[in-house]
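The following pair of complexes shares a single chain, chain A, combined with chain B in the former and chain C in the latter.
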Partner chain A sequence: MSDKKKKVKKKKMGKLQRNRVWMSWTFVLIPTLFIITFYFYPMIQAFWISLHTGTGVNLDFTGLDNYRRLFNDQAFITAVKNTFIFFIFQIPLMIILALFFSVLLNQKTLHFKGVFRTLVFLPAITSLVAYSLIFRYLFSNDGVVNQILMFFNFIDDPIFWLGDPFWAKVLIIIAITWRWTGYNMIFYLSALQNIDPGIYEAARIDGASAVQQFFKITIPMLRPVILFTSITSTIGTLQLFDEPMNLTGGGPGNATTTISQYIYNLSFEYTPNFGYASAVSYSIVVFVLILSAIQFRVGRERK
Partner chain B sequence: MFSKKHLFLSASAVLLLAACGNGDDETGDTGEETTEETSGDMNELTVWTWDPNFNVKALEMAEERYQEENPDFSLNIIENAQEDVVQKLNTSLSSGVDTGLPQIVFIEDYRAPSFLNSYDEAFYPLGDYYNTDEFADYKVAAGSVDDNVYNIPFDTGVTGLYVRTDYLEDAGYSLEDLEDITWDEYIEIGKDVYDQTGIKWLTNDHGDLGIMRVMLQSSGVWWTEEDGTTPYIADNMALKEAFEDYKEMNDSGIMNVHNEWDQFIQTFNNGDVVTVPTGNWISASIMQAEDQSGKWGIAPIPRQNIEGSVNASNLGGSSIYVLQGEGQEAAAEFLAATFGSDVDFYQDLVTEINALGAYEPATEGEAYEQESEFYGGQQIFQDLAEWTQEIPEVDFGQRTYEIQDILAVALQEYLNGADLDEVLQNAQEQAESNM
Partner chain C sequence: MKNEKRTKRIATYVFLILVSLIFFFPFYFLIVSISNPSIDITRGKLLPGSHLIENFKTMIETTPISLSIWNSALVSVGQTIISIFVSSLAGYGFEVHPSRGKEVVYNIILLSMMIPFAALMVPLFRLFGTISGIAPALGIDTLFGVVLPYVSTAFLVFFFRQNTKMFPKELIEAGRIDGLSELGIFVKIFIPTMKTTYAAAGIVTFMNSWNNYLWPLIVLQSPENYTVPLVISAMGSGYTIDYGSVMIAIFITTIPTAIIFFVLQKYFVQGMVGSLK
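== the complex of A and B ==
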């Protein structure tokens, strides 16, 4: 009797377990299929297209020709240079600013913390196009920024923010920094709140100054988060598109054209060459891989 | 049991989703097969275009006229920014799926050869539907590939030299002094007027090479050779002169520099420049400043110091195209009956939206004779229509905007002091390496 009961019980358990296995595989299978269809398939297809060249739908297989062309294409090289200039100057600037703001806004004695945090974070949720348009007005030749600078006698003649190759780059850097500092600050703030206040207390008792506390405690404790934000920012900057497109149109000349904008131009501005455009987009993949690897190394070594 | 069923259901759902892609293709195919039967009685045609006050308005007027004969006919006009129309068209056509496309689409003449060559099966030939000889040659040429005409020309971008006559008079000149002149003479007069009045002679955006396109077309050349792809930069005398003139205008201080369209309009609406050399579509913006009525005039555009260069050119302008597929005949018939042959319709276009077509018989009409009070009583439409017929024919080729971006960089370097021959040689090499 008991034997039989046991058997039945075992059988039931087995069935239920089997069901569970089926269920869980179903749950895994559906997203997997979606990821394959909407991520991997386009990625492979894009690589396949990048081995072709031609206008519009008249594509011919040309192997690695598109990739060879990259090295001689002045427009592409300029786009890469511009992207790297943005990346080299903008990311450190933004991360330092974000750290500064997050430490400042984490002070226990600060009043109206919520208000200030919101103010710094607000740009990140502003519509890109809207803010670009406003920036264009602010920084136009007779815009508010020039008027203020001239009023305080910092400059004698208006700066051609949108018309000068150097200042146009500066403007793009200002714009991205303005937009993304608050976003990165949020990560630092949450990481700061996870640091045990006891550590700071101990440091104070040992006589560490505020500066020492910042460099010896805060920065090391935040290292993983700094690594994370610098990688996501790197990827973001390498794919930079909206600001140059809406603010400067890539100009003057091609002084602010980024790689992504060049891809757009190749596909939609000029006679479409989707093959070459795909090859250019694969170059971004390569850059992201290399840069992320370097950042990982640097971030890990110090540990 | 339940879970098995569940798995089966979800799996088949995924399969179904995957099959959707194919399903679209199939319906597309059957759509094509039945084209001949259904196209005749297709009554609502979809159009993609931009500019609500101009293209859309013109279409609505055409629709209204066509409805008098065909009461069931109607248009579904979808208006987007020109950039978006270009992008939508590119993505739809390159995907190979022919559902979701309109029957009629507007394409800027500079972009047309690129579309026609990239998607050679996508457009429906219209040459048999209207008399192409009655239109300005250069407009028809922009929409033709291998003697097949794919467009019905719409607005001409015929250029004029819009001038503030009151400023001119202050400096002792008259509108006649600007007629039939070269760009060099234009610059000389400009310097004199600037010295006397302190008002800038013209305004431009260094990134917008429109004025160079105007100069080149007046000489009958382009920055690609006749095959439409080989760059023609280093040995292009017209382009070289255009660069030199541009630098002269910039360096002598007679040129105001703006950075965007709004600033451009503001500059002349505020009375900060004497001349605006550009396409006739600017007229509406110039006339916004009602207080300047009677103070403007239009002279023919200057020509280059090159044999064959004429005092007539073009900037922008678009044509109308029909996409292959269901409704192609209906669309072609509609366009032929309105934009392709209706003289009265063109009179309305001029009177109501100041749209100048490239249709020669229409220029005999009454509307073209009206004198414009704003332009000091000048018969501007007649003048512009006359210049339209003189515009040299140019093959815009497939690389207008691509090479323009290369040249914009070259211009920047040249303005900063680089050697012209070197700059153009570099541009030539770069454009060649991108072929």
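== the complex of A and C ==
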């Protein structure tokens, strides 16, 4: 009797097992379908459109003309330049600051650590549009920042933060750094907490200075996290949109226009040219892939 | 020696206080500005004024801010619930029932992380044009249209898969013995056990959705459908800007994210950092 029961159970399990496999595939295929529909399908479509020219629905096949046009398009070249200036200056500045703050705020004996951490992190809860507008008012010609700088005699005349091509770029860099330093610091802090304090003790006994400890222990231990944050920051910076749109309006002139903003303008502000806008879109994909690959290389090699 | 240590200590505190002041300063400016008239805000007045009620009135009367808060709430809550449900289902499926075929699918999902949204805006807009033709309620200028591209994201699938690794597999067996279906196990056992993971993912998703600007800007057209960032951006870019009402609008619409941050700080950090582990 017990044998019979076992057999029945086994048969049932077989059916159940199949049922489970079927269910688990359903579980994973629902999001896959969405991701294919809203990420991969549009990207493939974009490539097809990028081989066409014309406005709205009337598209003519032109092959790689749109891609050739990129190299002669002054507005595109300026947008790429601006985006890379933000990338080259802002990301290292932010990562160094974030690392520095995280090491300072990780000291066991420091008082009010929580308060300091919260204050540095707080910008990360603001919406990009909101903080961009606040910064626009703070940095206006007769705004607070100019007043403070003049009060302490750092400058004699107000800086035209929004009207000068150089200072407008500096302003964007200051703004992004304010918004994201605390955010990145949290990643470093959580990684620092996983480092065995014994390593530092051993180093101290060996007579390593704080600076040596930082470069010889902290940085190597944090390398994976630094790599992670620098790649996510790179992807973010290459797509920079909300800040130039709301803080500087891309100006003065084209001084702070980014690639994203240029795509937006090509598609929704000027006479829509989806074919060319798609070609510009692909340039971002290419930049992201190249820069991520380089960072991956650099981040891994020195192990 | 002791003295030197002490000066170092003091220097650290002075430095940290200075840094904190700089980082908090824009918030301070926001808080005092909500009670100042436009002219004082442009002059950079740093003390509170008596214009709070007037600013509030102007904001309510001249902008669709209350409607946009409602729209943003619908979009953010909807997006959070749908996307964490769908993505956790997948994370569970990948981790609990692994197979070679699923690994391939998983890698395809991860690959989508390399597609920057900026590159998607044009083709997505065109796709939604097509969707509008078939089902107008899901297409251009609808709140569903805002949510649809985010129903599942590679980041959330990845996040849930990573965290499912900590889920005790014995509980699944227990559920099976109790005769629960696979979906039953997921809903009745997995979700309650993984509460903190859900809280973390939910917070991050809600914040991103609440603050999202580019996609709503593209897909929404009529002001009555605008979400908060669109209204604030429009308020701040007109020819005659009432700075007082912009500031109070920013202040009010930052409160939800501030509350979430201060109340759920632990989950918040976990949601950010959790995917790294």
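Just so we're on the same page, the second predicted complex is superposed on the first by the 293 of 303 C-alpha atoms of A that agree within 3 Å, B and C clash if a C-alpha of one lies under 4 Å from a C-alpha of the other, contacts with A are read in each partner's own complex, and residues count from 1 in each chain.
The rule is short, and it goes like this: a residue touches a chain if its C-beta (ideal position, glycine included) is under 8 Å from a C-beta of that chain, and two chains touch if they have at least 3 such contacts.
Not measured: the values here are computed from a predicted model.
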- A:F135 contacts which: chain B (first), chain C (second), both, neither? second
- Message: I'd like to know which partner A:L162 touches here: chain B for first, chain C for second, both or neither.
- Response: first
- Query: What is the contact status of A:G249 with respect to chain B (first) and chain C (second): first, second, both, or neither?
  - Reply: both
- Just chain B (first), just chain C (second), both, or neither: which does A:G14 touch? neither
- Message: Going by the contact rule set out at the top, does A:S260 touch chain B (first), chain C (second), both, or neither?
- Response: second
- Item | Touched partner set for A:I30, first chain B, second chain C, both or neither | both
- Query: When the two structures are overlaid on chain A, which partner does A:P92 contact: first (chain B), second (chain C), both, or neither?
  - Reply: neither
- Of the two partners chain B and chain C, indicate the one touching more residues belonging to chain A. C
- Query: With the two structures laid over each other on chain A, which partner does A:F268 touch: chain B (first), chain C (second), both, or neither?
  - Reply: both
- Message: Looking at A:G63 after the superposition, I want to know if it touches chain B, chain C, both of them or none. Which is it: first, second, both, neither?
- Response: neither
- Query: Across the two complexes, what residues of chain A are contacted by chain B and by chain C?
  - Reply: 19-20, 23, 25-26, 29-30, 37, 136, 140, 249, 267-268, 274
- Task: Please name which positions on chain C make contact with chain A in the complex.
- Result: 12, 15-16, 19-20, 23-24, 26-27, 29-30, 33, 41-44, 46, 86-87, 89-90, 92-94, 96-97, 99, 102, 105-106, 108-109, 112, 114-127, 148-149, 151-154, 157, 176, 181-183, 186, 207, 210-211, 213-214, 218, 228-229, 232-233, 236-237, 243, 246-247, 250, 253-254, 257-258, 260-261, 269, 272-273, 276
- Can you name the residues of chain A that touch chain C in the complex? 16, 19-21, 23-32, 34-43, 45-46, 49, 101, 104-105, 110, 115-116, 119-120, 122-123, 125-131, 133-138, 140, 142-147, 178, 182-183, 186-187, 190-191, 225, 228, 235, 238-239, 241-242, 245-246, 249, 259-260, 263-264, 267-268, 274, 277-278, 281-282, 284-285, 288-289, 292
- Taking the complex as given, what residues does chain A use to touch chain B? 18-20, 22-23, 25-26, 29-30, 33, 37, 55-58, 69, 72-75, 78, 136, 140-141, 160, 162-163, 165, 249-255, 265, 267-272, 274
- In the complex of these two chains, what residues of chain B are touching chain A? 2-4, 6-7, 10-11, 14, 17-18, 83, 86-87, 90, 93-94, 96, 114-115, 117-120, 205-207, 257-260, 263, 398-399, 401-402, 405-406, 408-409, 411-413, 426, 430, 433-434
